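Okay, here's the structure, questions in a sec.
In order of appearance the chains are A, B, C, D, E, F, G and H, and numbering begins at 1 in each one.
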Amino acid sequence: MTGQYEVTFAGFGGQGVMVAGQLLAYSGIEEGKNAVWIPSYGPEMRGGTAYCTVVISDKRIGSPIINSPRAVCIFNPPSYEKFVPRVKTGGLAIVNSSLITLTTERTDINEIRIPANDLAIEAGNVKATNVAMLGAFIGASGVVGYDTVKRILEAKMGKKKSVLDINMRVLEQGFQFAGEAMRKGSRV
Amino acid sequence: MTGQYEVTFAGFGGQGVMVAGQLLAYSGIEEGKNAVWIPSYGPEMRGGTAYCTVVISDKRIGSPIINSPRAVCIFNPPSYEKFVPRVKTGGLAIVNSSLITLTTERTDINEIRIPANDLAIEAGNVKATNVAMLGAFIGASGVVGYDTVKRILEAKMGKKKSVLDINMRVLEQGFQFAGEAMRKGSRV
Amino acid sequence: MTRILMKGNEAIAEAAIRAGAIYYFAYPITPQNEVGEYMARRLPEVGGVFVQAESEVAVGNMLFGAVASGKRVFTSSSSPGISLMQEAISYMAGARLPVVLINIMRGGPGLGGILPSQADYFQSTKGGGHGDYRVLVLAPSTLQEAVDLTMLAFHLADKYCNPTMVLADGMIGQMMEPVEFPENYVEEPVPPKDWATTGCQGRAPIIIKSLALDPVVLEKNNLVLAEKYKLMKRDEIRFEAYKINPKNRILVVSYGTMARICQTVIDELEQENISVGLLRPITLFPFPAKEILAEAIKPNIESVLTVEMSMGQMVEDVEWAVKDKKPVEFYGRTGGIVPTPEEVKDYIMKILAKETPAVKSWNG
Amino acid sequence: MTRILMKGNEAIAEAAIRAGAIYYFAYPITPQNEVGEYMARRLPEVGGVFVQAESEVAVGNMLFGAVASGKRVFTSSSSPGISLMQEAISYMAGARLPVVLINIMRGGPGLGGILPSQADYFQSTKGGGHGDYRVLVLAPSTLQEAVDLTMLAFHLADKYCNPTMVLADGMIGQMMEPVEFPENYVEEPVPPKDWATTGCQGRAPIIIKSLALDPVVLEKNNLVLAEKYKLMKRDEIRFEAYKINPKNRILVVSYGTMARICQTVIDELEQENISVGLLRPITLFPFPAKEILAEAIKPNIESVLTVEMSMGQMVEDVEWAVKDKKPVEFYGRTGGIVPTPEEVKDYIMKILAKETPAVKSWNG
Amino acid sequence: MPGIIIDKGYCKGCELCVKACPQQILSMSKEITNRGYFSAQMHDPSRCIGCQICALVCPDAAITVVTHGQRYVLYDY
Amino acid sequence: MPGIIIDKGYCKGCELCVKACPQQILSMSKEITNRGYFSAQMHDPSRCIGCQICALVCPDAAITVVTHGQRYVLYDY
Amino acid sequence: MNESTHAIFTRPQSFRDVVTHYCPGCTHGVIHRLVAEVLDEFGIRGRTVGVAPVGCGVFIYNYFQTDFLEAPHGRAPALATGLKRVSPELIVFTYQGDGDLASIGTAEIIHAANRGEKFTTIFVNNAIYGMTGGQMAPTTMPGQITTTSPRGRNVEECGYPIRMAELLSTLRTPAYIERVAVHTPQNIVRAKKAIRKAFQYQIDGKCFSLVEVLSTCPTNWGLTPNESLNWLEKTMQPYYPLGVFKTPDAEEQK
Amino acid sequence: MNESTHAIFTRPQSFRDVVTHYCPGCTHGVIHRLVAEVLDEFGIRGRTVGVAPVGCGVFIYNYFQTDFLEAPHGRAPALATGLKRVSPELIVFTYQGDGDLASIGTAEIIHAANRGEKFTTIFVNNAIYGMTGGQMAPTTMPGQITTTSPRGRNVEECGYPIRMAELLSTLRTPAYIERVAVHTPQNIVRAKKAIRKAFQYQIDGKCFSLVEVLSTCPTNWGLTPNESLNWLEKTMQPYYPLGVFKTPDAEEQK
């Protein structure tokens, strides 16, 4: 990756979108890049949609305010409607197909639909949905290296071996899934 | 009286200096003049010296702040030291000689020493000291008419006949005393 | 109409009652205690209410509740007390409520003193509370004007649905002067108070609030407020021009009691054939900036002198108004010291002799 | 030094601890709660104290008591909470105490919202409390700067014995960015705290107060304060010049996160061969007025654009600084809406095309 | 026959009614609502006694209780 | 012989000591002090028992009590 | 259900058709409903003005069909005082959390009660600052873990939880003060009765009235809604005993 | 008096040689002296910091030979909290009037007491706002005439006087709380003992301590100093009973 990359993670509160963004930001730093993570904040947002945006760049990051990110990771239906229209032309949408059946009319972006909830439940913990989505995102975007994210996961979740294992598994599944999709899919 | 006249009343808290000033201001208004009464205010002043200044004028009164009044009415020793030096050249000092033995070196003002406490005690109430001083002041200055002050006294103290009577008596005594002193004394 | 000799604080209290404000909430503080004491005596006679609150924080919020009912309500206090009301004022501004506040200023900062001061100019005109709001500020210079502006304050508050303050120094509160009350007081009509929370029988519920988690909604409210402030700037600027004429060599800008002192100086200088004019802002917000500029640029004016009982606060607005077209000088005393006519005159003479310091006040 | 990814609120908290401020008094409020939560975890490790107060009024006054002992103490809060501290701040300014306050601003007025805003500029720079005083105000634009300025705030507070505020919008508090903490942090020496109330054993009693019924004494204190403010103006003005060069057609003045957004715009315009420079005040009081004027009068500059997350507050100081030498334009969003680079760019293009409205903001 | 109506628009799937129902005839559905909750449902309507306890404990006033007969008295002032 | 010293610089003539003295040997002087007060005085020194009650009630700590002998115990902690 | 069925339990008329923002299982919702039912039963909706707090209850005005004011944090009793004093014909109530009433608003509630202001306060004690994300409140239980007491509330440092019903009951001015809870159907019924009584005293112009309601905060307690009801009963209720603390009828003889 | 006489009662060493600003006969002066005597007796003058109120007691720092802070009106307990928490080795006391402590400073004193802050409060209850010229306080007696209750305090409108010692004693956190008076020599001696005990608890690091002292305000009561002592006894004392309300030793079992 060169230049600046922006991605928004969006879903219900409790789906782990904030953590997914943070893991990505940590990975960016780990690779010596600059990174900014900005949440939609406040417990008053409770019950509604939660989202965060991560900016990763080789250079000084100016505006942390991103209206049109290069990518979105969409965890739930309301976020699909809200954020897919905002993706930059040529950008990327990772969509949690376990919960989302909606579709878009946009043809100028690359959409990857991954059954993240199902993968996580299969792996043993629905809470790993966010890591499945993160895996898919880096698989498709290559913004940070797969090994970097693994290192970060180990550092941040290393305490509970069982939890880490599940997350490592879904990270890989997501990564592979998106990688293949990208190879198959025609980039716009 | 024409033009603007300023007089400061000063004494211990409790000697009635504020009321003396107000009676004068009321009298000024009664005669259709403009009048301003400004206190040294705040109960925090308690125990110290209390004073007020009255400005009476035919015209619009500009600054209510008077550093050098044309006259002072001095009720107690500390005020003597503080205020006598401030009187304008050619001005007037009414001094409560019952309590004050201090003297001034100024020869450019007219000093009238009146045993106001004694007059009041004699008349039956030490609280009438202030009216004795007021009587002396108007006797010496003629800023407002004697009858005007009498009318004001009646209006303000008329409720208690005995109190009014005492005050009327000392007012007259003060007025007479100062009038005579002025006739005798050489004005500067 | 009869002229009555009254203490400023009492005159203000009576003026409020005459304007129909018979609901008063306050906490004692020198030098304005006579307002409350007068209200305590008078309000039962007119069917009004005086609640002595437990603090100024509570006062600000009692006003909030009371004014929401659509009635005319007010408080009086002095500097530290007004500081404690800043949160409530910000809320009432945000909720667009026509509350009236009287600030009889004393020396600060902190507990300071109890003598007259004008050091709350910034607090009142710029907004001592948080957020994008303004308070309409009226500054009387005589007791008669204190009466008139107090009555006007209720009118303007209702007209704009905005917190409105009468800002006066301790001298206005403490001195006595004859005043007249208008006999048959009639106001221009004010907008109907259809926003008041009077119970929703027969209509949709009314909610008076300042919260808007959606920033689009909050911004919209702020734009409505900004619109009001623009209207005030257009329609409500008030000032007095005293002996302003083409011969003026100096334009003095001063407000409140301080302006009276400047008038005495101007009168005296006139005797000495030195022509000085005074522009006295009566509304401090909205500020008569254009009017000051218009006078300042007149050819004969050598400089503009701002005189304040502060370390220099309004002078920033005067400089802002004058835009460097003329030098702006400043003379101020602070902490309860009232500049005397002599001092002000001396300073003017120094200006004319070009002897004033290069750096004025703390803005320097 | 290692770069750690941290949330702004936590970075500020850690910075304070690194500057030796291990005494923290606060009351929860969004969007700065992470400061207190971090302190609650960290302070026991470093032998510090965190008292969660009953209110922000109490917070202000606990700070007052604690800072009087000569220790480094601070609080963090957000807009409404800061309004409630105005009385205490005025007192501490009057008593000359080096307290540090962090304001993570949210949209107002009133309860407003919890999203980023810069609408407390007036409150913090002009003094939201009563009386003649000023607060030294520092405005970070990145998290690294938030760390650095927080540490500096304690130093400057001690140097001038003056309340000092770090003023940041909610975004600074909520976002994460990598930061570094200085490894061997050494400060310039600060004056000895011989004014602290540590018990009078072996010396004369010390009284920390702000009351002076004698106006001569009170004025003297105000003059001492004014002297400090002048020194600050002389020695402490801080700003960043971004891409300022003789080709600039527009000078942007903006602070905090807003300035970062302007930097993005400036970078983009540079690509399009439109030269715009940014002067970013880091100290809001003292304000870099001369520096702004010096840039504004450069021949190529067509106008000065102030961009704020408010209805227009700093713009008054910019106008004051620019003295009508160049037109001053204003662009602002409010109530939690953060202007996007696109909007700002559009506005700059409008200015260049002379299409902006005649009246800007509520000052108009 | 008494019965209840659970309004899925209000239900947040808190399970308070499930635990409180003396007949134990309520349970959680597997279907996710628009708001992301699994709402409550009645799995054995025939056993409902119309006691209103589910409605009483529901924090979201999501439950309406209906009946043919006498109103069961909840409050006796 | 016990006795008291009234410091006229402190005395404000409040008369509390006069009323409190069990021996009734204090009274008000007719002389006005610098501060405008009539201070307290002892009119019968010989009867003073050194009980310190006058000093105890004096709000201005204007009274010193002296004695030759044993200290009368006021406080027993 | 056939045609002839009729509803015996429905959403109160004083409610709007709006889904609340409360977390699943949060008993704020139950307390709202009880207040709404009382307004319905007395038929006073149209002359009632509520005063909302700052706290999770702030949006109460979105759920009621009544006029409402939104107070600054802790100051609802001052607003209610102002409003009721100038409009005594209105029915005025405040709805306040424990951070709001027992911390920042301590002075305001005590003095409103002490002056005997004729309004009603519904005091929702959930032993935590809900809205701001779970900080310690003055009502937080000893040992309770919150974001600002990560090692549990230490009574040596922070003191014991404050019992507002008891505190207010020591005031000499007549008042009606009761503490209730909403963790069981029985308690909910009792809570409703208390709220009804509180409004009755106001309608009669008798006195200040306050009902403290022990409530849950599953989100910040870190428990499921049902576990929360249990925690309320096991941990809070022994420290915060339920019952009537003061009535104006049996005025204290102190 | 000859050479060998010695003083058995003198101005305390902790006093300065300064005449107070208090009105003649105002018992603020007595209370000052008692505090100064206690500082002398414990020898803690050099490590004591007082916190002055806003009220007639504001100038206390001019009369003591100790360090002092001057608090905003009502906030002395917050300053004392801040100071004592960062400098626990100091002895810290606040001196507050009834307007200061029982009105504007209600929240601060209650929460300092509830947190169990280890400082001492001397609370001077004279049933009026002295310094500002005699307005009604929350402690003003029913029917008492003040400048803001010119027809006498009306309990229907303003409620009954607030009893702070009783109120604070309901808090669960250990504390020492006693009410005394200074209108007779006997009571002055008892007051001194209470103040001594209060400081003792602080010196031992035990608890928050507060002594409420019934005091006079001849000026604003409109009575002579001796009449004032009488009024205190006849009017105030029955409503404000003297005694120990709370000790940390006999901790409540509630």
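One rule holds for everything that comes next: a contact is a pair of C-beta atoms (placed from the backbone, for glycine too) under 8 Å apart; a residue touches a chain by one contact, two chains touch by 3 or more.
Since the model is a prediction, treat every value here as computed from it, not as a measurement.
Asks: Hop across touching chains from subunit C and tell me the fewest hops that reach subunit E.
Replies: Tracing touching chains, the least step count from subunit C to subunit E comes to 2.
Asks: Between what two chains do the most C-beta pairs come into contact?
Replies: Of all chain pairs, the one joined by the most C-beta contacts is C-D.
Asks: Among all other chains, pick the one whose mean CA position is farthest from the mean CA position of subunit C.
Replies: E
Asks: Mind checking the centre-to-centre distance between subunit D and subunit E? Centres are C-alpha means, answer in whole Å.
Replies: Using C-alpha averages as centres, the distance is 54 Å.
Asks: Calculate how many whole Å lie between the centre of subunit G and the centre of subunit H, each centre taken as the average of the chain's C-alpha atoms.
Replies: Result: the chain centres lie 35 Å from each other.
Asks: Counting in whole Å, what is the centre-to-centre distance of subunit A and subunit G, each centre being its mean C-alpha position?
Replies: Distance between chain centres, rounded to whole Å: 42 Å.
Asks: If you average the Cα atoms of subunit A and of subunit F to get two centres, how far apart are those centres in Å?
Replies: Computed from C-alpha means, the inter-chain centre distance equals 87 Å.
Asks: Counting only residues that touch at least 2 other chains, which ones in subunit E make the list?
Replies: 35
Asks: Which positions in subunit C touch two or more other chains at once?
Replies: Residues 30, 54-55, 57, 80, 87, 91, 95, 110-111, 114-115, 209-211, 213 of subunit C each touch two or more of the other chains.
Asks: Out of subunit H, which residues touch more than one other chain, so two or more?
Replies: Expected reply: 22-23, 58, 70, 72, 103-104, 106-107, 110-111, 115, 131-133, 138, 158.
Asks: Per the contact definition, I'd like the list of subunit D residues that touch subunit A in the complex.
Replies: Residues in contact with subunit A: 3, 5, 30-31, 114-115, 170-171, 174-178, 257, 260-261, 263-265, 267, 338, 340-342.
Asks: Could you please specify the touching residues of subunit C with respect to subunit H in the complex?
Replies: Against subunit H, the touching part of subunit C is residues 27-30, 33, 36-37, 40-41, 44, 50, 52, 54-56, 80, 110-111.
Asks: Okay, in this complex, where on subunit A does subunit E touch?
Replies: For subunit A paired with subunit E, touching residues are 12, 47, 76-78, 99.
Asks: Provide the residue numbers of subunit D that touch subunit C in the complex, in ascending order.
Replies: 57, 79-80, 82-84, 86-87, 90-95, 105, 107-115, 117, 119-120, 122-123, 126-134, 209-223, 225-226, 229-230, 233, 310-311, 313, 316, 319-320, 323-325, 333-337, 359, 361-362, 364
Asks: Where on subunit B does subunit C make contact in their complex?
Replies: Contacts found on subunit B: 22, 25-26, 29, 34-39, 41-44, 61-65, 67.
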